[in-house]
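Take this structure first; my questions come after.
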Amino acid sequence: MSVTRTVEVVYPEHLNHQGTLFGGEALRMMDTAAFVAATRHARRTMVTVAVERVDYEAPVHHGEIVEIDASVAATGRTSVTVDVEMHAETLLSGERRRCGRGRFVFVALDEDGRPTPVG
Amino acid sequence: MSVTRTVEVVYPEHLNHQGTLFGGEALRMMDTAAFVAATRHARRTMVTVAVERVDYEAPVHHGEIVEIDASVAATGRTSVTVDVEMHAETLLSGERRRCGRGRFVFVALDEDGRPTPVG
Amino acid sequence: MSVTRTVEVVYPEHLNHQGTLFGGEALRMMDTAAFVAATRHARRTMVTVAVERVDYEAPVHHGEIVEIDASVAATGRTSVTVDVEMHAETLLSGERRRCGRGRFVFVALDEDGRPTPVG
Amino acid sequence: MSVTRTVEVVYPEHLNHQGTLFGGEALRMMDTAAFVAATRHARRTMVTVAVERVDYEAPVHHGEIVEIDASVAATGRTSVTVDVEMHAETLLSGERRRCGRGRFVFVALDEDGRPTPVG
Amino acid sequence: MSVTRTVEVVYPEHLNHQGTLFGGEALRMMDTAAFVAATRHARRTMVTVAVERVDYEAPVHHGEIVEIDASVAATGRTSVTVDVEMHAETLLSGERRRCGRGRFVFVALDEDGRPTPVG
Amino acid sequence: MSVTRTVEVVYPEHLNHQGTLFGGEALRMMDTAAFVAATRHARRTMVTVAVERVDYEAPVHHGEIVEIDASVAATGRTSVTVDVEMHAETLLSGERRRCGRGRFVFVALDEDGRPTPVG
């Protein structure tokens, strides 16, 4: 199963008041990676219809690298479900730990914006 | 029960390739409103620990107003669960429809970053 | 008189070198709330034609919530004048104080971009 | 009298629904140029205390260059007043027209955040 | 040789007036990927000291995926040179073509901000 | 030879982990100024085709003003080469030093997106 991987560096603009990655920003990063994975799988116009669940397991700190891996978990008639894992990597030590994971559901649309088969 | 309401105008930078509000951007808006509602309830330092579920019910178009209402749904020993509803409003007609809803869970942290009671 | 209220959290990207909310960013937030209030009143395409006056009364600090209330103050033949108040709220104590206020003027445009009556 | 000039290109992220420069974005650009002019004049820590007046005289379109000129208009005991003019320049023809102007007031702060003389 | 790969979706905010990816935005994406590759190689604090050359070979269009691959090309006493390739991928067909490439040089800094060996 | 000058204030969102201006952000600022200079010279639709070289000579710190000067260095049949210099100015002292310079190449495009003479 192919994996779409993306990497971002955590800058001050992504931080909350504890100096860790803001939850809304992490969601935006995960959704983007999941969107690319779903689109590559179906080669259709995809839109997010649901987030089944997202868990944050550890905080991500300023100056760390965030690596997001998205892979297709299931395919319905017109939908694609994608699992996402987020790891943080400390720049100087290279130490790497899982920080979160989630499941996103996309639906394929035809040119009139109606659901269309992905198979 | 008090509600935290916020309003945003959908600009080109928020759009996906179908010309509708990008899912990741909607998540970021919902998370922010939910964060404010949880913080006002607990008056503690709160961080997102989970998104239980988000459903997108209708697309939001360029130039529409997005109104997000967040209200506390439940309180645990150290956590606050917040329900969020998103409505879109057409600028010229004022027509308003629900576009999505979600449930976010926050945990309260003390000064050392450990969970602390919210009661 | 209805009020359009919006809420934003002050993040590092909004700060000036004193660690307080940058004036240009506060103006952008006020203009957006005023635009929504004017549009809801007139249900026309509105554009800002003037800022009559803005006063900053107290600094807003990192991590505070900014609440902006916009309400229609006057209506001309083709224009709508909106008053805006900005309050800051400290996250942990809930203490709230007024930080600024302003008056914005919008004009209604028809499909050819010419001023059109709002009544 | 020295003038602080800055140039920006109008991108899609700066546009309102009429495809012209969003008023809040124009305010942010003007405030930044005025801040630099006030700081260069006083060589103190400056913060915006008021916008005396801003007028938009013509719309700015996508793909145009915006040129902003800020110059000190008056100096009080602890304050500096700056006039700002905004011109738009069409990329292909070079045609240039004034689109707006405003007056911003800044106050100088000492290390404790209290007003301090600028002379 | 390990490769750092990152993926971005081209949104309206990244476009120039021809509707293609703005050169400055492409540079920002390449620099970020190169920074991660250099840091992973040296596990030091790295800063960009030079861009040796960047060539744009084909335009990237709205709605395409941009994939950036960065790999270490050479290591000096205190510097790391990174080669970057940028490919665009059409969402619906999966067609992929090279759009640009560049070479970036980073230097390792010690805690006082002085160049330090990377070996 | 006319010079296009632009000014930006360095905010937290532009910083890397050393608290200095992020290289990718500096590239974006230089590319924008160079684009304006090339367009004003040729009055054609210009796109970046290459960055010949960029050198960073000194770090830029939070709260400093960045001034970027772009001037046309050479003109080919369908291309314009622009030299860019970046200076940093300390807000309180006015001390000014060169921080970087670069050379950017643009090509003029006709309405079909093909290279067209600039003379």
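For clarity, chains are labelled A, B, C, D, E and F in written order, and residue numbers in each chain start from 1.
Simple rule for what comes next: a contact is a pair of C-beta atoms (placed from the backbone, for glycine too) under 8 Å apart; a residue touches a chain by one contact, two chains touch by 3 or more.
Owing to the predicted nature of the structure, the values given are computational and were not obtained by experimental measurement.
**Student:** I want to confirm something about chain D and chain F. Since they are copies of the same sequence, is their interface symmetric in residue numbering (over half shared, so same) or not (under half, so different)?
**Tutor:** Same: when the shared numbers are divided by all numbers used, the fraction is over half.
**Student:** Quick check: more C-beta contact pairs at B-C or at C-D?
**Tutor:** By number of C-beta pairs in contact, C-D is the larger.
**Student:** Measure off the straight-line distance from the CA centroid of chain B to the CA centroid of chain E, and report it in whole Å.
**Tutor:** Taking the mean C-alpha position of each chain, the two centres sit 34 Å apart.
**Student:** Once you find the CA centre of chain A and the CA centre of chain D, what distance in Å lies between them?
**Tutor:** 39
**Student:** State, to the nearest whole Å, the distance from the C-alpha centre of chain A to the C-alpha centre of chain B.
**Tutor:** So the centre of chain A lies 18 Å away from the centre of chain B.
**Student:** Any chance you could list the residues of chain B touching two or more other chains?
**Tutor:** 12-13, 16-17, 22, 32, 35, 45, 91
**Student:** List the residues on chain F that touch chain D in their complex, please.
**Tutor:** Residue list for chain F touching chain D: 4-9, 32-33, 35-36, 39-40, 43-45, 65, 91-94.
**Student:** Note which residues of chain C are touching chain D in the complex, please.
**Tutor:** Residues 16-18, 20, 22-25, 27-32, 35, 45, 47-56, 59, 102, 104, 109, 113 of chain C touch chain D in their complex.
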